[in-house]
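Read through the structures below before going on.
There are two complexes below, and they share chain A, which is joined by chain B in the first and by chain C in the second.
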Partner chain A sequence: MFNLSRKSREALTDMMLAGPATLAMGMLIFIPVIIVAFLSFTDYQMGAKTLRWVGVDNYATLISDPIGRRAIVNTLLYVAIVVPFSIALSLLVAIGLHGMADWSPSFSKALRAAYFLPVAATLVAMALAWQMLLHPSIGLINMALIHVGLPAPAWFSDRGLVMYTLALIGIWQSVGYNMVLFLAGLAVIPQHLYDAAEVDGAVTVWDRFWTVTWPMLGPTTLFVAVITATNAFRVFETVATLTRGGPAFASDTLVYALYREGFVYFKVSYASAITIVFFVFVCTLTIVQYRVLQKRVHYT
Partner chain B sequence: MRQGILIRVASTIALLLGAALVLLPFFWMISISLKPPDEIFTRHVSLLPDRIAWENYAIAVTSVPLGRFLMNGVIVCSGILFFQMLFSVPCAYALAQRQFKARVVIFGMVLAGLLVPFHVTAIPIFLGLAKLRLLDSYTALILPFATSVFGIFLFRQFFARMPKSLFDAARVDGLSEGAIVWRIALPLSWPAATAFAIFSVTAHWNDLFWPLIATSDPAIATPPRGILYFRDEEAGTDLGPLMAGAMIITAPLILLFLFAQRTFIRGVATGGLRG
Partner chain C sequence: MDDYGSEDVMGFQAVSRRFGSTEILKDLTLSISDGAFTAILGPSGCGKSTTLRLMAGLDQPTEGSVTMFGRDVSEKRPAERNIAMVFQSYALYPHLSVAENIALPLLMRETSAFQRLPLISKFSTSSRSKRAGIFERVKAIAEMLDLGDLLHRKPGQLSGGQQQRVAVGRALVRDPTLFLLDEPLSNLDAKLRIQMRSELSALHRRTGRAFVYVTHDQTEAMGMADRILLMLDGRVIQDGTPRSLYEQPQNTKVAGFIGGHSMNFLVLQRGATSAGGLFAGLGLSCSDPSMEMTLGIRPEHLDLDPDGPLYGKVEHVEYLGGETMIELLLDRQIGLETGSKLRALVSSARVPFGLGDAINLGCKPELVHVFESGSGERIRTGIEKAA
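Moving on to the complex of A and B:
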């Protein structure tokens, strides 16, 4: 009798500790995911009294509509630019700062802070700063370009250029973050590997990088690549602040399209389909990450 | 040795140039925020203002309720953090230090939840809040983030490394499980707590997606949402005050970063574990 009541008392404690969070997870994550998946197969519009099952119609529209396809292609393009450039630049910066820390730790630390500043700053505010910097007539960059006799591009209104401009800001924003991850990776490479490589004839900086640094950073690089890609897939703040997907949908991205269709045009079902496509991309990326991490065994 | 020095000099120059490029938008933002209009709209752009126009900051603060936006940011971020801690920490403790049947299921939910970006749940949550007539309120800005699977995960990892004997001793001393969570487990995981707090506050201070969706009343606009009201109202004519406003809304996080660099970097980097 005592045993039973003790047992139920314990169960009550477990429920009080874990219950609220579990309930909230269900209400705020899992049920919404089920609802959004369901809505994507209906014709529901905001405020409508009824809804009808339409099968994969919304997905078909998304794929066949040039605007919908544009959002997918633009997002993939953005990810494809930001990921390699951000990784390459942040790796260079990290290697440089790591080397500098040997002879001037405080200088290295100050520079690290400078590179990290975009991560700490509010992206919407910084997007406005970029807009001023790249302003066609009063921006610093274009004034400088004109000064040296180069053409002054319309960074945000040229349909062929606007995605690259946004990607540039994306790279600028993510380098500091990736640098921190690479610095952590560099800090755990044992010095004796470099010594051994030197004995084996890897004397130049270049040789040492390819024989020791790069292979040892393999797992870090993969981790950085996946994080940068998942963040890049979510690109929204710069698009919403600077271009609103324009001009003529030239800078439309998945999350911005989901916002516009769902919350400006109230086409809930179509926006739900966009959401699911976005979700599938993000999940695929995570699965790839797990797969590769399991397969690749680095330092043996 | 000569080669070593040469490389050192070259890499230092490259790093300085890179840092200058990274800081350029900050520099330009500050420069414009201190320039009078005639120095902004000119063919002869100069890096620094000739006459420092402090009035831009006064205009920014008076023409839109910037103070209100900042206060909204503080209310929303602290509200979110409060509920996240309130829900996540006890759950993490139960998952790490107690044996019960649902444990595996709940931890599975946490891991699955880590896969779901907030954007995916935005539409149903919006519909739900609309049904409850809660849109355009602090509740709408705070409630959707009331629990953080990332927080549960982070605290669970931390609590799992603590010795069981510690908690057994506390139980022998007659402490309730709730008291153990808040008076022993949480204070002992201070590094995790500060890292999580910084991660959470930065994420929600900077977020534009949800405030743009859930609110249309400028009176409850968070700082990024508010600065866009400013931009749209002024229609691009008052650039000096706009940049002053941008400076003001990004300043709190930048100051936090500069004063607590190590903690800040760790906090934001820990957040990267979130897939």
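Moving on to the complex of A and C:
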């Protein structure tokens, strides 16, 4: 066919394999990001025929406006709660189920499936289940609390509590996925390291955990932390279905705010500014996590 | 059996180990003498690693008991038995430096769980002074093993031989009662293996502790051990010095396993002991002519001899340098089955013949092993050997 050198033919093959996906990435991600970044410096509104350059006004509004600030603080709070608790809890569950596989494989498998269910299920439907469970008067949880004589909080309408309630659901939702990742990490820890630790005198579960399990899970934990954090930053479904950012913006988050500003109030430029702030947060977090931790979890 | 020492550091009494329906160890009784270098030798799957894990306390017997100095330790964990183990894969902690790897057994024993907590360990003064003392000892061990310059490296940055030394250092650092070594040299290249062999032997002499060394490599076992337990199918089939295993194999299995070149077995027919036959030709006589026997002769014990009783045609010649392996198809003679073959290792300087030539081979009577054909057991009585 063509009289190409072997090197150029191989290069052409590489281009053909990677090209289409790269093109799609460019069209669907990079170009929109550039457009969004541009729009965030204008006063463009959905359907408007003109737009005007307003500089950093949108960003200034986001930071100075109590509602905008609220969304940022709420999102950070949500991430700060969900990430450590989800990691700790999923690690505990994974270690438990990993050990259980030795004496009751079928029970361990059944529990794995149960923990993974929230990941596979539609979150909107699950959110409704949570709404029923946490209903202030007819919810199962409050009925139980009243029964044992504890106060029954208004989980979704108490302004001081609502973010924690959402974080709780966020933890519940992410534990299953993280558990699967940790189980995969645990499965590849060589048994001889535990044997060596045992011989070296690491007798307690605690010692073995710090001597072998935790260090050997380093790369897995880093990955889990990054995934959980980026997912937590994106919290939207529970907010949209359970609280709509309320009461009085007490549970407003970045992505819910951008949805409301952009698609309810059609303030595309302001929504774009929120998007960029969100984007910067996620990127910074990811880069920092990798930069700081990567050297400490890979040991060669 | 020979006397290896006064006290048994470790003993098995009728130990069995089953995994599901598979029986790995069958009614095993053995003892390890204090101060001796004992090798457990056997092909893969014979149960030698399971034996070592039972000694270490990493595994528990299904039946029977494990004792140390006569006391039952079946329920005791490795740390309570004060054993040290070198693993085949070295099992170094990849996140810890060489110094920290070697120090770990001491840290685990001599500091409290509180002092070992990740942050406390750095800021507590009591913990710091203890650590300083420990690292002095680690340094001494590392110098002894030639690891002095590598203390701050991670295992991933070391060569196989260096990792091996770190594993040995970690075992050595806390003066254990018993060293268990699980095929410690099998991941090293041939040259390094020979070097480490002499280093381990020297280490054994210096520490004076009991070593139990599991290997499938008989040259390692023969070269290093005071005593070999030869295992097959979950049983010890012979227990003795390297010399006794080579010179007096108790059955054909041992005879076939031990020795650089596998032993020749010649199955004799009934009546082979009568005069004029091969049996008599080799200088042997037997008081019980009804016995069915198999002769075992090592290739290295055969030699060219124009009057030798073993004769036939050269079928194959393998030049091995200083020596040459020749394969002979033996001619028919009284007592010998037709088609019997014999491999002989002779000095290359003495090979003036080629394929198809007829030659005679001889062997000293005391180097001929006689086994019972059916059971494969060595025949001890009733055989006379001409001096």
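Methods note: the second predicted complex is superposed on the first by the 265 of 300 C-alpha atoms of A that agree within 3 Å, B and C clash if a C-alpha of one lies under 4 Å from a C-alpha of the other, contacts with A are read in each partner's own complex, and residues count from 1 in each chain.
Definition applied: a contact is a pair of C-beta atoms (placed from the backbone, for glycine too) under 8 Å apart; a residue touches a chain by one contact, two chains touch by 3 or more.
All of these numbers come straight from a predicted model, not from anything done at the bench.
Engineer: Of the partners chain B and chain C, which touch A:L12 in the superposed model: first, second, both, neither?
Structural biologist: Once the two structures are laid over each other on A, A:L12 reaches no partner at all.
Engineer: After lining up the shared chain so the two structures overlap, which partner does A:P215 touch, if you call chain B first and chain C second: first, second, both or neither?
Structural biologist: In the superposed model, A:P215 contacts chain C only, not chain B.
Engineer: Which of the two, chain B or chain C, is in touch with more residues of chain A?
Structural biologist: Of chain B and chain C, the partner in contact with more residues of chain A is B.
Engineer: One more residue to check, A:A202. First (chain B), second (chain C), both or neither?
Structural biologist: After superposing on A, A:A202 lies in contact with chain C but is clear of chain B.
Engineer: Tell me the contact category for A:A80 with respect to chain B and chain C: first, second, both or neither.
Structural biologist: In the superposition, A:A80 contacts neither chain B nor chain C.
Engineer: Pick one for A:F116: touches chain B only (first), chain C only (second), both, or neither.
Structural biologist: first
Engineer: With the two complexes superposed on chain A, say which partner A:H192 touches: chain B (first), chain C (second), both, or neither.
Structural biologist: Second partner only, chain C.
Engineer: Can you name the residues of chain C that touch chain A in the complex?
Structural biologist: These residues of chain C touch chain A: 53, 56, 58, 77-79, 83-85, 87-89, 91-96, 104-105, 108-109, 113, 116, 118, 154-157, 170.
Engineer: Considering the complex alone, what residue numbers of chain A touch chain C?
Structural biologist: My answer: residues 190, 192-193, 195-204, 206-207, 210-212, 215-216, 218, 299-300.
Engineer: Give the list of chain A residues in touch with chain B in this complex.
Structural biologist: Residue list for chain A touching chain B: 10-11, 13-14, 16-18, 20-22, 24-26, 28-33, 35-36, 39, 46, 89, 92-93, 96-97, 99-100, 103, 109, 111, 113-126, 128-130, 132-133, 138, 140, 143, 172, 175-177, 180-181, 184, 205, 226-227, 230, 234, 236-237, 240-241, 255, 258-259, 262-263, 268, 271-272, 275-276, 278-279, 282-283, 286, 289.
Engineer: Where on chain B does chain A make contact in their complex?
Structural biologist: Listed in rising order, the residues are 7-8, 11-12, 14-16, 18-19, 22-26, 28-29, 32, 40-42, 45, 47, 86-88, 90-91, 93-95, 98, 100, 102-103, 106, 109-110, 112-113, 115-117, 119-128, 144, 146-147, 149, 152, 177-178, 181, 202, 205-206, 208-209, 212-213, 223-224, 227-228, 231, 239, 242-243, 246-247, 249-250, 253-254, 256-258, 261, 264-265, 268-269, 272, 275.
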